[in-house]
């Protein structure tokens, strides 16, 4: 019997810390692994993962209610791909996005399909 | 210069037998495990509907009232989920695949009532 | 012009497509075998062309057909001049004309792929043209005439003093046959970054014309290979035919043994070959032989 | 002369195996600007967690991609197993490792074939794919599917692979190795192939680090982020060492993959020797608890990231997969700038985007 | 006998598939299955093609692409939907961005089921498609250019 | 004899008249009638003297000589003045040097030399007269409409059209003079007049660039002028010779003869804009298009190759022969390469002109009758075709607002008639049944026969390169772009007439080249080389001529059943399945609609202008230096 998972290290940080941390990590030579959004009960939470030499750091951030998040593409250019995706699927606006597809990243049959629960709340 | 490395393979291949399986002329032999299509043993089925719930592709419909078990052959992804989950083990995965067709095939199997009564 | 040449001209018009298609079919068959496949029947090119003729005729503009038709027409004329024992330089020039028509047809569609294809086609013409001209000059220097008929009946075998030119000619034959290291502008089989290059926008009958033109062209080019071995005797002719056939399959082999090179290589290498084999051979012909 | 040729590249394009779109702005044949666009494959299958329970979701997850499907089912299963704190039987873990490496071989061979096709080397393409068929035969024999295996479930594997079959796999691989040596040698040594790849699409170590590229792309530039160095699977026990090349051009990336094929063969053979007897799955009971879990796995194209979030019901809150290609798109954009049109396919191939993975 | 069936050229488009069927289609062209035995060439260019092989389902973004490729193919032409995704959407049926099978946008002549569709099934499908191609070709020539 | 004088004087008279006329309508009448008269006169002269072969005129007048000297000195003074004014001191210095040589020679030697015949006319002159008379006059007519547009585009400026037409007609006069002078001093006079006219024409617009380029022209051509006067001095002082016909009979292997021929060649090379002196011709492109047409196709530069072809019997396997051959051949090859990297239509034409002049010069330098035949043929075809192309580009420029080939996308849809003419012109430059190719073919054969490896290389590679740059231009034009507007209505009638006539001429000359060959060239070659041959039939055989003409006929006939008659359904282009419903745009990345745009290849890295020019400059200068060192060292063959 084995249990061979890496150590789970997920820290919850406040939104205001996001850019500070991102800067720190960028300077420390980390790479952006992914950005994952999850929406639940009208709230959206984002999981940012960074990695350096197989050490992964994950930050959980709750998205402010106006659904605007500042982009980390200033530090991690490659994150544009995740942020554009999140923008199209979850309807979160990113400010200062370096390569902004302006909602044309995916062509979807319904706008921001993952945002459903937020809609529910509005109803 | 390390040129021309494939010459040998190409030339020798030209004189070897092609490795083609001449499929339509020579029928294919299936492996035991090959997942082709799902078949039901109507005698065993208790119309419990678990298989249909466990089907990721919504290919199965179990109609208790009409006593039918229906499979949409053009939706089934041969995942064996239903086979695994059937409590009566009445589903089997057969080797042969559903043959291509001009229309979408839906197979409905009537589940004989008496069998169940007998149990 | 004597009757014999008229006959061979008509013979060319009638027989070239047949030989051409069989060769094309064999090419595909042999390629397939080299790839451990069964491959299509030998007459597959014929089926292809018939099918294209049968298809609904569609085009992208109204003038394309004209250019493609001219391409075919002038390829046939080129072959006729060649097989009627005509002047080799005239053959080259007519061939150029024909090819320019193909390029124009591609340009006329104004599609990005055809355009890049046409550009590459022109580029390839620039690459192989010097060697073609040097070949013809070589014949002239070796045999003393540009006329195919004179070369045919000459008493020495041109290849004896033209080995370098022969090698150079085989090299550019790869480009002309559109075979692998240099199938830049359009490729018969392999997939390409510019879809189907010059033929991207051709369909139906137009495409069939291009195919047929290639059959004619290939036979004509093999005719030039044949010419290297003529010495007016029957065994010279036999050697010529055999070598022509062998070189065709050599090209098939090369096709299957090389990746498509970068486009830059085509010009550089063929010019280097033209100078190294063609020009030096010509120089030798002038000063030594 | 302000004009440029604009070539739409994809989604339907014979030299592109997958629906991606690029606007290429050319001068002569030089690419001045390349803007990618994806979305032709986006299905949104992650959202199916709301309708499929966490077990069935495994079938969906492996259909993220037909090339690396085994890895996807493993990665997803691993994440769920972690979340539910399930211990997988030793033998299952070994089997997973073996099959994962098999699918790496198949994926790399497929890739080599497509690479050959992209450079117009038809016969090489054919030979690569011919060899690949023997791996598919192994798959079909042992799992019943050629590309979609449906072999993994939460808690282990569906069935055991008997000893004889494993031995047979070893024999097949040993036979294949001989032919492989000849065929891969073409990629490494043939002049015309090298002409297309050497010095083309250079990526420096810094580029890779900055853009977070992963997989063989990164390893071709000497950056090790091979997730096989992590704990998942039996790699550590098998003494796994990542393969690194330093040149950073197309050739280096190709070489990494070629060497990985042989490495995978070695790993499999070693693993077959070491595989313990025992059950291959354990019954899974209960529901995924509240909480979330991350698993990472090295797919043929690089590290894949799986994230699951449970809520105590049989439906998960979120299942997320960040596939290798997703992280490699930025580097693709970068490398396309300033290359030549005929190199575009080379670049695209050697970075090897798998769009169906990327877009889920 | 129409020559279309002797030299059916294909174009293959990969819709929102998982690549499984996509690579199986390619595998059909490779030595093990060798579709070229039937004169089939993978042209990759709708203008040259007779048979459209589609793998994968239709989503919002590729809908127009599929339609356009289909329109650019000259008559007679047939469409073969390969794999469950292309026939009905398969496991992705319920996805928000999936419209369904290929028949949602263009008429499909042959459905080839399987996930992934086996090369044998694809060959069967193509062989069946040839018969339809033949009929269409006849219709084209009898009715003076009008099919359907 | 009087007809020749008429030709020399009439255009000059017209010029003076035009200088005085300010009214546009009146000018039109004068130009057209004058041009027609000139055309008629040149045809008349041609017919008159064709039968007679070479004819000399002994026309002597002390007065005239002094008049010429005076004019020359005035011109020199003008150049010196302008050079000072624009701070181009080099021009002033060169002009001064020239004047000094000239005056010194006039005073010390010239008057003691007895000149038997000042003027002459032979078949070659007839050809030149026809070219100048017909094409030159047509260009003058064309200029009417063109300059009207030009003036409209430059309303703010003073109307200097009288000056323009003055220069044009003077130019014609001087050109007639060049091709009919037997007296070398006369030749020199006319030569200088053309240089100065062209100087003024290039600088016509007075923009900074124009001024710069006009000085570039005058400096380079003054070098040629000095070489010319030096050559005359050498001949005069060493042999007391000042006549062409005497020169041609001398033994070119004598050192001073060779030196003189070498200097003549330099003069010819500068005027014909061969490397290393080619840059002035490119600079001349700033001038109004008719000027370019006049300078590059039919006249000015033709004077240069005329001189070289004229001296053909002096060349051959000797040092000057090799010098000119190498320079000609290299110019052909390198200029053709440089043309690839150009997108400005006029520059492409300019490079192509340079290339062809190089080829003509090389033909002349081979010194065999075949080569000379080829050279003269190229000269004829080139004059007709190139002038037409220049004029076409001029017209296109005024209607599409650009002379960039990239903007000629689908010109065929926008200006169908003009494009048809342009296509004829371009095809005429490099494709099979047309004249240029026939002459190139002959050139090739003659090069092979002369066993000159450098020339064989240059022509083989050069022709290949030529195909590329013409081909891509042709391609640009034939592209069919849907929905484009027809902008052809506003083309002036004069322009159509001239263009149409030229196009007819292009085709007519192709059909009549057997005639030209046997009736004009053969007698000339016979008189020069003393060989009773008719090269065209010797090298080709009548059958091929038939084949070529047949092909030409085919090209006329085949289009008829095709145009606008296809029954095929028209479908959109293939664009990976993302067109926006037409061929104009497709939906690209980031949700943008991307317009389709196409650009030709220029291969800047390989054939970039600077690179090629540098190579050309170094090579050709080296050749000239080596050649002169050899000549002065006494090595002549």
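Per-chain numbering from 1; labels A, B, C, D, E and F assigned in written order.
Everything below uses one rule, namely that contacts are C-beta pairs under 8 Å (C-beta built on N, C-alpha and C of every residue); 3 or more make two chains touch, one makes a residue touch a chain.
None of the values given here were measured: they were computed from a predicted structure.
Any chain bridging chain D and chain F, meaning touching each of them, is among A, C, E; the list is complete. The most central chain, judged by the distance from its Cα centroid to the centroid of all protein Cα atoms shown, is C. By the count of C-beta pairs in contact, the leading chain pair is C-F. If you average the Cα atoms of chain A and of chain B, the two centres end up 41 Å apart. Remark: chain E and chain F have CA centroids separated by 60 Å (rounded to whole angstrom).
In whole angstrom, the spacing between the mean C-alpha positions of chain D and chain E is 27. Look at where the CA atoms of chain B average out and do the same for chain C: the two points lie 51 Å apart.
Among all residues of chain B, those that touch two or more other chains are 4, 6, 10, 13, 18-20, 22, 56, 77-79. For chain A, the set of residues that touch two or more other chains comprises 104, 106-108, 113.
Across the assembly, chain D contributes 5-6, 8, 11-15, 26, 29, 37, 39, 42, 44, 47, 59-60, 63, 123-127, 130, 145, 148, 190, 192 as residues in contact with two or more other chains.
Listed by chain label, the pairs that touch are A-D, A-E, A-F, B-C, B-D, B-E, C-D, C-E, C-F, D-E, D-F, E-F.
Here chain D touches chain E in the complex through residues 11-15, 17-19, 39-45, 47-48, 51, 59-60, 63-67, 69, 110, 113, 125-127, 129-130, 133, 136, 145-148, 354, 356-357, going by the rule given at the top.
On the chain F side of its complex with chain D, the touching residues are 343, 404, 406, 575-578, 586, 588-590, 594-599, 601-604. Put simply, chain E touches chain A in their complex at residues 59-61, 96-97, 99.
Put simply, chain F touches chain A in their complex at residues 589-592. Interface residues of chain E facing chain C in the complex, by the touch rule stated above, are 2-4, 6-9, 30-31, 34, 36-39, 41-45, 47-48, 50, 74-76, 137, 140-141, 145.
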